[in-house]
């Protein structure tokens, strides 16, 4: 049974909405849904809008975050997030340090798996948006902090919150964060840095080599969709470069 | 403090060994390690072999499974496992149905995140090896069953264990499992099928379209390592095709 | 010295125009150029428009065809044309059979290297456009014929014009042309078929295997541009699938 | 009719041999072929070895050079050679400057299309091998010179042999050759530089930007073979990086 205050995804006729059970009314292209009526239903049940459209009540999952969180820039893509999760072996025991938050898509994804995520964002506006995103998605274990990670990474405060199992970096200055991140990581823990440009990637890689991580690899993940249509099947033309990922293990 | 019976990774001079704290002696290329001495230590502490090599005691993480589980065939690669995790939004609440187990690398990975994984494998020998792998890795929430998933997927027994949040398929007959998988999935749940060959991928995709999944996509994940050496930097030449991944949401 | 009637490329300030020396006036964004003044000049010399913009007179080369020929559809890309040239070993002695012409970009490219190109196009409108393209580009050895290549390939007329050194196919029905193409090819000659969709590619490949070509290969050519900017260097995001190329040798 | 002294390819049962009509005997795995018997035959005719194997007499084409020339290192691949040909618009009127020769595969390919190719190689041993390769392949318009292209490119001697329509560079020091190459090129002519490593590619690209070429692009060509077998169809796993290609037009 879905309690009041629980985040739900309402799906009807190819449209989807994030909402909170029991909290007011949701205005959609397919009519107004009384969210009061969602509380007490079960996952997969239907709720009907004022003009008769049936919405299925879906339990939100991480890919919904990628679609529904409000963006302040281009978010990290699932293909890259997946590689970071698999190569760091992210698991429910983990405490993660993340920077910079941006829209918070990566942080939210990490939060759906890990125990705790602390995420640094330099811009107050971006941090505020990311916090609202976590709230809307019902993700309570991601703490978005507005601050300079380069300074914070060497602070006693952050050190006291460690050791961290995983550190994820998606910011221009990632290379400058590497030495502090090394100290904050648990032995066997992983650093994952995402760099749109080649020069950043080699800077991060070079910083990683200097710090004495046990191993490191830098790669690109390309996703080629298979386009299936009446005319035939072919690799999609909508593919593209996003960023280089460097994974380093302490 | 590491208790007896806990699985550990012992790392020294570029070599790594899986072991269990408190259980006998580990014979390595760098001497014999008394595992009795591991119990009581902390993560990141060192233990010394009989001839003086210091091993760091590391808490194993999922990528260690990929390296250390005993293989009965080519396992799924982290790049593909990561895409499956990210595109299904795998999380700690999930109950997962998996087939065919093979060496169990995917199942073990899923087990490090999900609440429960039931994994079907047709070959008794492969199932036995996968079970030993789970034991060696200390993964208690993956149940490997020897049986025919095509038959099982329509059974009352499996239905009673559902609904499942995620179904993962890595077997020749994946397309035949799709209709039953659809019924076993929770609304909003995800199917992920891995197909080495194009023909299998289109069969799966076609089965998915027939069943009325809400959405589907088929793609290939390519990983290009950046080779960093004294001579220069270049995309690695060790890249290659593994399989097509079809993701479908109920 | 450039004679009257010779095709030239006039280049100024990032703009380029095809023109014919000695034939009237060329109206450009940078003023009117008297083409009479081009005749008698040398390659690399300049000619000035009525309002003082200097145009360099460039000898047109094949990549100019790709840019300046009038298109009736998406033309084949240089990356694919290059692969066809290299894998067939196209050379100045060759007589080539081509179908379907489309805009004629491939045919024109082949014409810049081979001795003679006969190109079939089913649509009269496309054939007329392609003929005008050859004229504008000054390519005299490409004969565009409007007709059905599936019928023509088995005709005595075409047989009398062979044997062909290379046959290039870029049409939906390519597989149906393969048996006739085999007969028209010189031993050691090459067939190259371009197929946007997977299904067409496997049809062509299957037809090739049936005919008893000595060897065959099917591949995709991907081009990733390196984007160089102030912000850094990265693989371009403007990449995409065009088609499968099957090369078969008699 | 094939005259004495003409280069032929003899093909039987999946084996191929380069030979010269009228010049002695060819010892093969399928018996001894009297090359005297080849002279006077036509292309596509057969000649029989002493123990009864029939060899088809094939006119050699450029891809045969890639297979049969004697290698002193990894030669450039047809996918890259094709891109260079297509992006420079190589044609039978062209005079080409090439460096470094290596095994001569690129130079030989260029020679099958262009009027004249002058190719510089620093190593006397490599140059000698490349010269023998041209002789064996019957390519008379490629002149292999042993010398330092960095010095030669600024010399009056080379300048007198220009202007060149195309300059192709495949050597470590390519960036140092760019300024001289610019001067030697005809306006509208193309430079093509091949760089295995990223650092070399950016050096070349930077040199190109400095010299004031009209346009430039740097890219990678990836070839993915479609593996067709009884088990199914899939992209080949035998793909890999070879080099970055920079194309610049004067």
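Worth a mention:
So that you can tell them apart, the chains are marked A, B, C and D in the order they are listed, and the count of residues begins at 1 in each.
We take it that a residue touches a chain if its C-beta (ideal position, glycine included) is under 8 Å from a C-beta of that chain, and two chains touch if they have at least 3 such contacts.
This structure is a prediction, so every number in the text was calculated from the model and none was measured.
At the interface between chain A and chain C, two copies of one sequence, more than half of the residue numbers in use are shared by both copies.
The geometric centre of chain C is 22 Å away from that of chain D, both derived from CA atoms. Note: centroid distance chain B to chain C, computed from Cα atoms, is 49 Å.
Residues of chain C in contact with two or more other chains: 198, 220, 224, 233, 235-236. Taken as a graph of touching chains, this assembly is arranged as a ring, one closed cycle with exactly two partners per chain. Every pair of chains that touch is listed here: A-B, A-C, B-D, C-D.
By the touch criterion given at the top, residues 9, 11, 43-44, 56, 58-65, 78-79, 81-92, 109, 112-113, 163, 165, 186-188, 190, 201-202, 205, 214, 217-226, 228, 233, 235-236, 244 of chain C touch chain D in their complex. Those residues of chain B lying in contact with chain D across their complex are 196-200, 220, 224, 231-241.
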